[in-house]
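Two complexes follow with chain A in common, the first pairing it with chain B and the second with chain C.
Showing the complex of A and B:
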C-alpha cells in the first residue's frame, strides 16, 4: 500500500484523476482528433480544399467530400472545414505559446519583487486592458500587416494579461508562505525562490489558463476573420461564417451548419478538459 | 574556563516603520553564543525573539524593518557589513534556522528527498548521486524510520513530528556552526516534543553545533539550555546560566514566569500563579521600566528611568531597581 502511495508523483495523480471521468476522456480524444487533423494539414496530407468536387451549392449527400455539401464554387465544405481546423489549432497554440511565457515571467517578477517592477507591470497591463480587446487586436494586426502570423502576434501580445494578473496575485500570496522563508533561510537565491520554489506551486494555474487560452484564440480568430482581419485564403472557420451570411438568405444552410458543428465539438472539449485540469491540478484539492 | 564565543550580538536595535508609526521590537539586545553550547532566549510573544533571530540570519532589513545600530559578530566578522550575496552563502551553510510551523515549512510540490538535496545543490558542488546519499544519511541521522522510502514521499504524507525532523535534517545538512531554533517544538504534541528535543540534543553533541533556542516554554529551557536570556518587550531583563535563572531568578518577571509553572513537588493543591496584565503594546510603551505596570514590586523610581543590567555574579545579570537595592542591602 505505502509503496503505491510513494510512487504517485503529483503529475501522475492528476492524470489518474483526469482519467477517472468518462466525459473528460472522450473530450481528450476529441482534442487529439483535432490535433491530428491539424498535424495532417501541416504535413500537407489533407485533401485540397480549393479543388472542385461538384456543382455550385450541392446540398449534403452521402459521399465523403459532399457530406456537408459544396460551396459557391463547388468546393467541398468538409475539406474547407478540415483546412480551417488546421488554421484554428495552429492559431490557438501559437497565441498560447506567445502569451503564456510572457504572462508567467512578468507575473512572477511583479509579484515576487513588488515595488517598481510591480508598478511597471501593473501599469503595462492596465494600459493594455483599457483598450477594448478586438480594437486592440485589429490595430496591432493592421500595423503588422494582414495574415495569420501578425494576427497571432497581436492576440498573443494582449492575451498574457489575464495569466499575468493571476500569477502575480499567487506570487504575492506565496512569497509570504513559510516554505519560502524556510528556503530563504537555507540560502536560496531569488532565482531559486521564484522558479524552483514558488512557480511549481502556481503552475497548475498556468496550465489551466493555457488550455482556455487556446479556446479563446480559436474564437477570436473566427470573429477577426469574420470582420475581415486575419486569414484571407478562405481556409478558416471565420471566413466560412463570413461567407455564410449571404448564403443563408438563399437557403444554403449547410456551410454554416458544418462550421458550427465543427466548432462546437472542439470548444466544448477544451472547456471540459480545462475544467477537469483545474480540479485535477489544484494542490488544495489533492486527496 | 574561558569558552570561545562564536556569535556575539552587541547592542542590537531593530526598528520597523509601520502605518501607525515607528516601533522598536528589539531595543539594545546583547548576548553571546559559545561554541557547542545552547543559549535559550525566553519571552512572551511579541518580545522581539523572532526579530532578533531574523536579524542574525540577515533577513532584516526586510519589507520595512531596519537595523538601527549594534553589531552581530560571527567568528570575528561583522555580519551587518556583509553583502546580500555573502549573507546568502552563509545562510543554510554556516548559520541555519528552523521554526515553529513544520506543517507549512516544506514545499508541497517536492519530495522530501528533493528538498534536502536542494540544500546540497545550493551550498556544495555535488553530483545528484552524492547529494542523494548525503540526504539519505541526514534522514537516518534524524532517525526517520524507513528513510529510503521517505525520500520519495511528499510533505503531506508525513506527520508533524516527521516534518520537523525533515526540517532539522535540512537545516543541519551542511553542518552549520549555529542553529537558530525558533520555537521548534511548540506546534508538536508533548510526546513528540520530547523526542524532537532529545534528537536535537544528540545531534548537537554529535556535530558540535551551537544552538540558539527561542521559546516561551521554561520546561524546555531547563532541559536544553546552558545559558538563558530573558526578554521582555524588546529588552533583555535578565541573563545567566540555566542554574542562575532557575535557582535564583532576580527579575520579578522571571520569578513570575517560574511561578506560573506547575511543579511536581506541589502537594498542597495550590493555584498556579499568573502574571497579571498583558505585554504592553510596542506602540504605547510605558515610561521607565517596561514591566512596571505588571510588577508587584514596582515603585515610583521604576517609572522614571529604565533599569540597566546589573551584575549579581560573574554569570548572572538582571535589570531591576528593586532587586538591585535589596541585593546591595
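Showing the complex of A and C:
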C-alpha cells in the first residue's frame, strides 16, 4: 500500500517536472501531431498521395499540395510524407507493443525466479544479441515474408532484449529489498510479489524504453525499406530516401529535404521526451 | 612538466604520426614497360570497374556477366563475334580459319591456329605454358557437358552434337567417378594435334554459335587437376590477359599476356575506316599492359571517378543520363560541358523486356480477353519516354531490333496504348470498367528505387481502366523460386541474347521449355511449337521470317506475355581511349582497346 502511495506521488512529481520544461512540452505536442496524422491515415482521412497534383518534379511552391514540391509522377511530396508518417508511427507503436510486454514478462520472471528460468532467458537474449540487429530483422522478415506486418513482428521479436535485461537486473535487486521480504512474510504469492510489489517500482524503465523503442523502430523501418526489405506498397520515408539517391544527381532536392525535415522533428521529439522521462521517473533523480 | 604540457606534447606527437601515415605514398606500380626488343615505353593502363563481384572464374561454372567479362579476357573460345562487323557474325579466335562443313552438312572440320600457348603456370612442366592442342578442345567440351561441373549452361548445346547428350547423362550417373577418357563422344573426333571435327545430330545453321560463349572457353587439364576446387580462383588460359592480382571485392588487376596470338581485325563495317577504327588493322593485340578493375557497386561514386579521369569507360545510367545527355530529333547527344571531355556511344541492346502471365493462374490463365485488355492498357512508348529517358524502342516482335528476324524483317505489328480497346476487352473478359476484378499481383526481381518507380508507373497506367495492381518486390533468388515454381500471377522479365539469333527469343514460349526452362508462362500451343521447330534449323531468309510472322500472330492473339521494349545502352569513354566500338556480344573487349598515354597525362 505504501508502495502505491509512493508511486503515485512519484508519478505526480514527475508530471509536474515534465510540465515545467518548455522544450519537453513542445516535443510532446509534436508527438501528438504525428500521432494525429497517423490516426487520420488509419481512418483514411489523409489526402490520396497517389493523386497527381502537378507536373513531374515541380519545385516547392506556396500551394499546400506543393509545399514540398512534386515527385517524378507529379504527386505531392507533402502527401507522401503524411502517408509515410502513418506508416512510420504505426510501425513504431506496433513494434513497441510487441517488444515491451515480452521484455517485461521475461525480465521479471528471469530476475525473480533465477535458476533455470533465468539461465534460459539469459541464453535466449545472448543468442539474439549475438547476431547484428538488422541482419536478424532481415532474416526473420524473409522467413515471414516481406511486408509491414512481418517487419513489425521481426523487430518486435528482437527489440525486447534491452528492456528484458534492465528489468531482470532491477528484479534481482528488488527481490531482496525489505518491502518485498515484508510482503512475502505477510503471505503474498509470487504473482502478487512480481506484478503488484516489484513491477510498479521498475515500470518507469519500461516507459522510458518504450519511448526509445518507438524511435528505434521508426529508424529501422526507414533503413529496412531503403534496403528493400521493408514496406512493399504504400508510402514510406525509407523508399523516399531510396528514390532520392537518383533524384539528387538531377538537382531534385525537395523530396529528400521533406523526408529529412519530417524525420528530424519526430526523432528529436522522441529523444527529448525519452530523456525527460528518464530524468523525471528515475527515483534517484527526483527532488 | 605540467599535465597540460604533457597533453599538448602527446597530442602533437599523435598528430605528427597521423600526418606521417596519411602522407605515406600509395604503392606505386611501375609506369613503364620494356618489350621483347628492349624498347621501353609508357605503360598503358586501362581503368575500368566491376559493378558486381564475379561468382566464379571457372568458365564452365559461371553464368553471370561479371564472371563472363573476366573469363572472356583470361581464356579464349573457338570463336567470338567480330568486333567491328554488324550484324554480328562469328570470327575465329583459336582457329586458323572458319571451319569447313562436310557435304552432308553434318560435320564441321576445324584447324587450330599454330603457336597458341597457355600462360606460364606451375601446373605445366617447368612452369612454362605449353602449346594448345586438339585434346584441350575435346577435354573442354567434355568438361562443359559434365553435369558434375556445369549445372547452368548445358542447354546451349543440348541435342546438337552426336553423343554429347549421352555423355552428359552418363556423367550425371557416375558423379565423381566420371573419367572422360573412358567416355568417348562420337561427335567429337581428334584428327591430329591441330585438327578435329564435330558431328551434328542434324543440319543446324546455329550449331557454331554456342562455341562463342564464354562457358565453352578452352581450359588446360593440368590446371584443372592441379588446382581442383581452387581452379575458379586460379585461372590458366590462352587469353589476352592473365590475373596479376586477384581480389574479388577489391581491385582485380589483369596484365597483358605477352605471348598472345591474336591480331586486331583487318576488316570492319562501313565507316569504321573513316572513324579510325581500322588504324591498327592486323597489329598484334592486346595493346593495353594492365587493366585495373575495382569493385564499385554504386553508380554515383563510379561516375565521380570517371569524371575525374580515374576510370576510362563507364555505362551511363538513367539518373546521370538526365544530367549529362539529352535526346532530340537527331538522336542522343552529350551536353556541351561533357561533350568536350568525353565521347558517348548509344547502342541498341540485344535484349527484349516483357511481362509474363502465369497461364496456370485461374484468373489470368483462363481469360484471354483480360490479358489482351492489359496489353492495350500499357503505354510502352510513354514508359520509355518517362521512365527511361527515351532510351529504348517499343518492340513489335519478340526479337530485339538488331537481330535478323525482328520486326524490321517480319513487318509485324503489336499492341499499343488504346484505352477504348482496353475497356472493351475488359468488358469482354467479364469485368466492365474493372468492376469485380480482383487485385493482380506483379512480381519484381528487386526492390530498388527504379523498380518501385516502374511499378508505380504500371499501376497508374492500369488504374486508368480499372485494373488494380499490387507489387511483389522480391530478391532475385526469391523471384526465381516464385517464377520457376509457377507461384505467381504476373511478372516482369527480360531476356538478353545468348547468341544473336531470333530462335533464342522464340524459344521463350516453346511449350517443352516450361519452367525450370525459360518458358515461365507455362504456355503451350501446338501450332506455335510446330512452327518453332520448323523455323529453328532454317537459315535466315524470307521463308524463316514468314514463319516468325505466323508465330508472332499467335503470340499477339494469345498474349502469354506482353512484349514491351528494346533498351538502348549508353556509355561514356575518355577521349584518350582508342578503338572503342560497342559490341553487344562482347561486354569487355579490352584486348582491342588502347590508351593514348600522352593524351591521358595531359587529360585530353
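For this structure, a couple of remarks:
Rule of thumb we're sticking to: the second predicted complex is superposed on the first by the 277 of 287 C-alpha atoms of A that agree within 3 Å, B and C clash if a C-alpha of one lies under 4 Å from a C-alpha of the other, contacts with A are read in each partner's own complex, and residues count from 1 in each chain.
In the analysis below, a residue touches a chain if its C-beta (ideal position, glycine included) is under 8 Å from a C-beta of that chain, and two chains touch if they have at least 3 such contacts.
This structure is a prediction, so every number in the text was calculated from the model and none was measured.
Note on chain A: of its two partners chain C and chain B, the one contacting more of its residues is B. Of the two partner chains, neither chain B nor chain C is touched by A:119. In the superposition on chain A, A:242 contacts chain C only, with no contact to chain B. Once the two complexes are laid over each other on the shared chain, residue contacts for A:228 go to chain C alone; chain B is not touched.
Touch criterion met: A:250 reaches chain C, while chain B stays clear of it. Once the two complexes are laid over each other on the shared chain, residue contacts for A:197 go to chain B alone; chain C is not touched. Shared-chain residue A:72: touches chain C; no touch with chain B.
When the two structures are aligned on the shared chain, A:146 is found in touch with chain C, with no touch to chain B.
Partner chain B is touched in their complex by these residues of chain A: 2-3, 5-7, 10, 177-179, 181-189, 192, 196-197, 200-201, 283, 286-287. If you check the complex, the residues on chain C that touch chain A are 300, 318-320, 322-323, 386, 446-450, 452-453, 456-457, 460, 470-475, 478.
Residue ranges on chain A touching chain C, taken from their complex, read 50, 56, 72-73, 142, 146, 228-229, 232-233, 239, 242-243, 245-247, 249-251. By the touch rule above, chain B contacts chain A in their complex via residues 57, 59, 88-93, 96-99, 101, 104-110, 118-119, 122-123, 149, 152-154, 156-157, 167, 170-171.
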